[in-house]
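For clarity, chains are labelled A, B, C and D in written order, and residue numbers in each chain start from 1.
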Amino acid sequence: MALSWFAVLAITTPLGVVAYRNGLALTPQMGWNTWNYFGCNVSESTILSAAQAIVDNGLDKYGYEYVIVDDCWHDSTRDPDTGAPRPDPTRFPNGIKAVADEVHSLGLKFGIYSDAGEYTCGGRYGSLGYEEIDAKTYASWDVDYLKYDNCFNDGQSGIPLVSFNRYANMSRALNATGRPILYSMCNWGQDGPWDWAPTIANSWRISGDIFDTFDRADDRCPCTSAIGCLLSGWHCSVMNVINKMSSLGQKAGPGIGWNDADMLEVGNGGMTKSQYIVHFSFWAILKSPLILGNDVTQMTNETLEIITNDAIIAINQDASGSPASRIWVVNVTGGELQLWAGSLSTGATVIGLLNSSPTDQTIDLKMADVFIDSSAQVKTAKYRLYDLWQRSSSNDTVWGKDIGVVSGEVPGVSLAPQSCLI
Amino acid sequence: MALSWFAVLAITTPLGVVAYRNGLALTPQMGWNTWNYFGCNVSESTILSAAQAIVDNGLDKYGYEYVIVDDCWHDSTRDPDTGAPRPDPTRFPNGIKAVADEVHSLGLKFGIYSDAGEYTCGGRYGSLGYEEIDAKTYASWDVDYLKYDNCFNDGQSGIPLVSFNRYANMSRALNATGRPILYSMCNWGQDGPWDWAPTIANSWRISGDIFDTFDRADDRCPCTSAIGCLLSGWHCSVMNVINKMSSLGQKAGPGIGWNDADMLEVGNGGMTKSQYIVHFSFWAILKSPLILGNDVTQMTNETLEIITNDAIIAINQDASGSPASRIWVVNVTGGELQLWAGSLSTGATVIGLLNSSPTDQTIDLKMADVFIDSSAQVKTAKYRLYDLWQRSSSNDTVWGKDIGVVSGEVPGVSLAPQSCLI
Amino acid sequence: MALSWFAVLAITTPLGVVAYRNGLALTPQMGWNTWNYFGCNVSESTILSAAQAIVDNGLDKYGYEYVIVDDCWHDSTRDPDTGAPRPDPTRFPNGIKAVADEVHSLGLKFGIYSDAGEYTCGGRYGSLGYEEIDAKTYASWDVDYLKYDNCFNDGQSGIPLVSFNRYANMSRALNATGRPILYSMCNWGQDGPWDWAPTIANSWRISGDIFDTFDRADDRCPCTSAIGCLLSGWHCSVMNVINKMSSLGQKAGPGIGWNDADMLEVGNGGMTKSQYIVHFSFWAILKSPLILGNDVTQMTNETLEIITNDAIIAINQDASGSPASRIWVVNVTGGELQLWAGSLSTGATVIGLLNSSPTDQTIDLKMADVFIDSSAQVKTAKYRLYDLWQRSSSNDTVWGKDIGVVSGEVPGVSLAPQSCLI
Amino acid sequence: MALSWFAVLAITTPLGVVAYRNGLALTPQMGWNTWNYFGCNVSESTILSAAQAIVDNGLDKYGYEYVIVDDCWHDSTRDPDTGAPRPDPTRFPNGIKAVADEVHSLGLKFGIYSDAGEYTCGGRYGSLGYEEIDAKTYASWDVDYLKYDNCFNDGQSGIPLVSFNRYANMSRALNATGRPILYSMCNWGQDGPWDWAPTIANSWRISGDIFDTFDRADDRCPCTSAIGCLLSGWHCSVMNVINKMSSLGQKAGPGIGWNDADMLEVGNGGMTKSQYIVHFSFWAILKSPLILGNDVTQMTNETLEIITNDAIIAINQDASGSPASRIWVVNVTGGELQLWAGSLSTGATVIGLLNSSPTDQTIDLKMADVFIDSSAQVKTAKYRLYDLWQRSSSNDTVWGKDIGVVSGEVPGVSLAPQSCLI
């Protein structure tokens, strides 16, 4: 549900900060990345087919603009003469620049991947100690985006300063190229990047790798909080990542940068539609980058419907850049109920009501909770409610279905299993 | 209640230490700061109106002497020639020194704000790397006080030594100016400043930012202990901060410095009178700086009554500088009962009995608990009890209402919801 | 049980990484070490008797190839002229090289021990500051393997970078000798070596020293997780170590290196046969090095039977090098039930079902759990099951007893106390 | 109870290590220190009276040999010309060397106090940055012992390497004087000194300051484990310290150094005789230094009886230097039952059975527990038991009362409230 018409008084003064001065990602970046679906099976055709599909499906109109090749694009060695990175000549017979040109010609932007270590996670050569030559080479290929991973980093982590220095080296190198390159840090939340990444990057991962599951606990992703997590791991579920976000929204904002909840799994088949809606909705209200991770050349209508919900995307791309905060959590059998709320630049408030349990749940939604930081006047005012996912009804608006005007509370809100209302 | 007449034997030898040698804040500093009420909306008139109101309301007579402009006083850039900071020419058309002069002419002192990072929390330029020029500039403006924040610090935290070095740079710069400038560290308790700040600062924050709530748990302030807290956050409630103080009193003292529980919210409207009394009383007995955070130009009688309780202020400003210790905590439905006690230079003992729950509570107050570190003789002696908040009765004294002489225990002490007896 | 015939689709792309470039231990190393049985009582004859027994019992045919002398081989001082280490002239009258030659002549390889500190754990001189001369000396003795311990390290630990630098010094020194020397780091899991050891070593211990007990909690081994453990200790039980491994399998692999669960206690008498089978089986599926720690000159048939189970060894040495992951844990009275699964290069899947409790347990083994990361198709396919420890029955195969074809689930699997089915 | 006659087979090989090479404290040091009783009230006469009382009471015959002046012996400033420390001329009119000479003339040794920081805990000048001049001065005063504290250390802690370097500076300075000076580190267990102090010191504190209470929980001593404790604090009870020792015994030994549980409170009046016996007994079997902290010029017979139990002292000073380990802990109402055991160089085993609760407890003492690390043969052997505190009965021996021969278990052992059997 989204609240409108009755504007919430802005409590915080908009900040003038441009912490990382490349001027990019004033709202969370959107795009597509090869990893979640293709893993190491990347090539010129993988990328160009995806770029074409993005345009053909009109995804670019919704804001998905970066086409990013993740790990394994590399030749087996660097150029022996210059030390520069080189693409795999079989997979990229025309080089990377040719791919970037083609992507640009479709009106999209092109991103690449490397690692702040000796090797990438997939075992290719990393950029540690090669920041300058690598940044220059990417710029010469007209790259617009760098995802920068964390494997095999020679112990250069453990306290913020050590991690900062390692990632700042690439930041400086990118800036020195003169080309604006969005810098997407992927250090899995180690050493609390939300505290130190804003001066060097546009976004920073806050968790180990996502897996296409809704709420499965997995020993391979042992932390339940992002704070102080010492083994980020992988196979993290959507609910694991949402819960890790619960204290971090305060650290993000326009010109500061974004908490990255990892790339989307929507369309990869491991979750139900309702679970994917939770996934996409919360990534949006948390102001995470929205980077598709499915095969965009083969999408079901269901997948398309989810990733093109323009109300949800509008919230993610709202100029206020203010991530929703979690108001409360209640444990129920097999899961949790959670209430989140966030403010928009229009004065509207976005509400996320989440049921992660496998059974129906009913709750009374109190405006005093939604506007918990606000005055009594705000808490008791009248609001018009919209349901952002019920979009086919006759009274459909830009915000979805108009639920009517409410005041005080919305009694008996029904939540299907593993679903959310936004 | 305060105990008097029957002096407690001093157990500890007064220390001769002057850890930080600027000679200031031998008792916790008192004053007023723009942030809690005005946020970034600061200007010459905001500050001068407040200064005038302080004098008009006689608050200066109670010890409130520092008038501090917090974040956002800055021009958009430093002076391009000298690198010196400059005030916003619209908000401060006469410059900062003119404001300081005016404040001084009222018999008050003037404080300013900066940040040990690239940017302030509000997105203005920080002092990291500019310590010398900034300290010199502040001194040239006749500044008496610096609040020094922690945002955007380029990862210079995580172990005490890294944080110490960053904050020590400004300490040295301030001392080098030759002007005594009270140095109020605001690193939110990161890396345990109570262990290393005494040699470089007059006070140090021990928590994330306070919010005008009594005991609301909030994901944005995730730590319940100050020790080892890795995300200080904000929206911390009064009870959250009081509990964070429970082990830290041993680290403060005259000439050593003060644990700063953050600025006061009394008068900002988010709490009941009884809750504000808890807030003010505990800040006082914990020997926190007492920095008002309300709009002093518009105060209710209730607010004035709280912030001008001279018995409470006398405890805060007692020469012994010995913060109260928590004796016990008992969980009750919806909150906690807590007993705190501390010694005064007069030999009296201050007792803080706290009920954070929403219901009435009754307890037997045992002198054996109050004097838990002392001999059997002390535990069973007779004491005269005063209630420091019941001040209007006929037998009123400097310590408040005389409750009479007690020995052994005070049975059946009643505590209203979310209140305390001091 | 091992699943075969119905190959599991490989999900992960094999990595080309050779993180530590000495080319050794592409599967976990196997061998024998003096410590668990002989402690400091080592000599030429101890080692040569063991080497001979390894050959006589045909253990070399199963892959046990490294014969390693642990601590206390040293003379009381280094060579006063060169600074080189020297063996105890009484215990090693012919020097170390003579022992290595003899071991080599038996077709085996020879390993030695030192410590990344001032002293070894047994109080001999350590290699800290002597990395170069020590590595050179070992190479001159034709040493093939170095176990490198962590005692008395002058505080050079606490963050990954400090530990990395200390262990990297020996890594560089070993590589500089030109002789391939397997580098077995023994820093007890401090500072998370799984994150930084792969670029410098072939394996890394993840826990304090094992003790010959199955599941006894012991204050001397206080951590229950390897992650963030601040006192590794010793007297760690088999179950303690298995549980510490639960999140770490993701960090190991061929060419990356191995999580070392410590040397084997099989045959040392402190556990039952069933407990030793758990011990050996889990070390195998976790891809831990398999280093015997018993007196191989005096082995019972039971001990021999366990350590020569070629199916179990084949899993350990499988080319995929993919450690099993823990799927679930259920607490039962006096212990736990656990399910682990891992993939093999043949497409088969290894299943480890563990009952650590002192009573019989029965469970339904669900294929949906075993193939928890896979598609519905994989979960419901037919599989042929083998029991790798029931090896004497008539329908015995290379994988042990053929249990038959199953689909969906195996109902009512019986687990004897403190046993496992693999 | 102590077990004798039936020697336990030594399992561990004695180590030849002399980690810190000043050759002192091959068994835990014994002596007396001013702090616990006199605090800052120290003078020549305080010390000489105590030294005389030690001799008069024959305490020196029991091993108490170091007479140590703690904090506050200092003049207000260092010598302005040389930078050397100077004693308070009023309190020490003849200087420190004269006091040391007098102490030496009584056959005792003399110790002093300083701090690895800018100031001592009592606010006098510390030795940070003055290690060389201070060590030289102490040596010139014929000092035999340095207690080296941790206050006001300018953030030089947080990781082992930083703490090590700070304390190693004084270690080097002491060694450079040529005079053997026992080096007693007092960094309150910060950064795990048991891992890195052995190469630089003779003993290291493992906790915040003790208080004269048996088991009172106190917010001023917030940690319940020594491992990873981030605020050591003070007002730690005897039980708090005993429990902190539970994993640390493995780190101590002759020539390695000792875990220091802090100075004794026996005789200071805050505990019952039975509680003081627990205190003294456990300090002894934990191989903590035994430094008296009472007023030895005024001792009750009870106090003398406790601190001169030669069997208990013999265990503390046993050449094996092997601290007892905790076998088990059982929670009972109001406290815990604990069993500890340790081996002696004679082959006997010391058993500590502890009841910290306020009520009588009865347990069956099982030899299988006492000899938990040993073979079945050892567990079922016959042992002669002695009670080391029942010393007045007719069958008294050097080990106390002979309880008789036991085998398998001692059923129905009675434990008075807050007492122990050794």
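In this text, a contact is a pair of C-beta atoms (placed from the backbone, for glycine too) under 8 Å apart; a residue touches a chain by one contact, two chains touch by 3 or more.
Everything quoted here is computed from the prediction, not taken from an experiment.
With contact taken as defined at the outset, there is no chain that touches chain C as well as chain D. Within the contact network of the assembly, the step distance from chain B to chain C comes to 2. Rotation angle for the C-alpha superposition of chain B on chain D: 90 degrees, rounded in steps of 5.
Residues touching across the chain A-chain B interface largely differ between the two copies, under half of the numbers being common to both.
Centroid distances built from C-alpha atoms place B farthest away from chain C. Chain A and chain C, compared by their mean Cα positions, are separated by 39 Å. Separation between the centroids of chain A and chain D, computed from CA atoms only, is 56 Å. For chain A, residues that reach two or more other chains under the stated contact definition are 159, 162. Judged by the touch criterion defined above, the protein chains form a single closed ring in which each chain touches exactly two others. Pairwise chain contacts in this structure: A-B, A-C, B-D, C-D. Interface residues of chain C, counted against chain A in their complex, comprise 12-13, 15-19, 159-165, 168, 191-192, 195-196, 198-200, 225, 227-228, 246-250, 255, 325-326, 372-373, 375. Looking at the complex, you find that chain C touches chain D at residues 39-41, 72, 76, 117-119, 122-124, 152-159, 162, 211, 216, 219-220, 222, 230-231, 233-235, 269.
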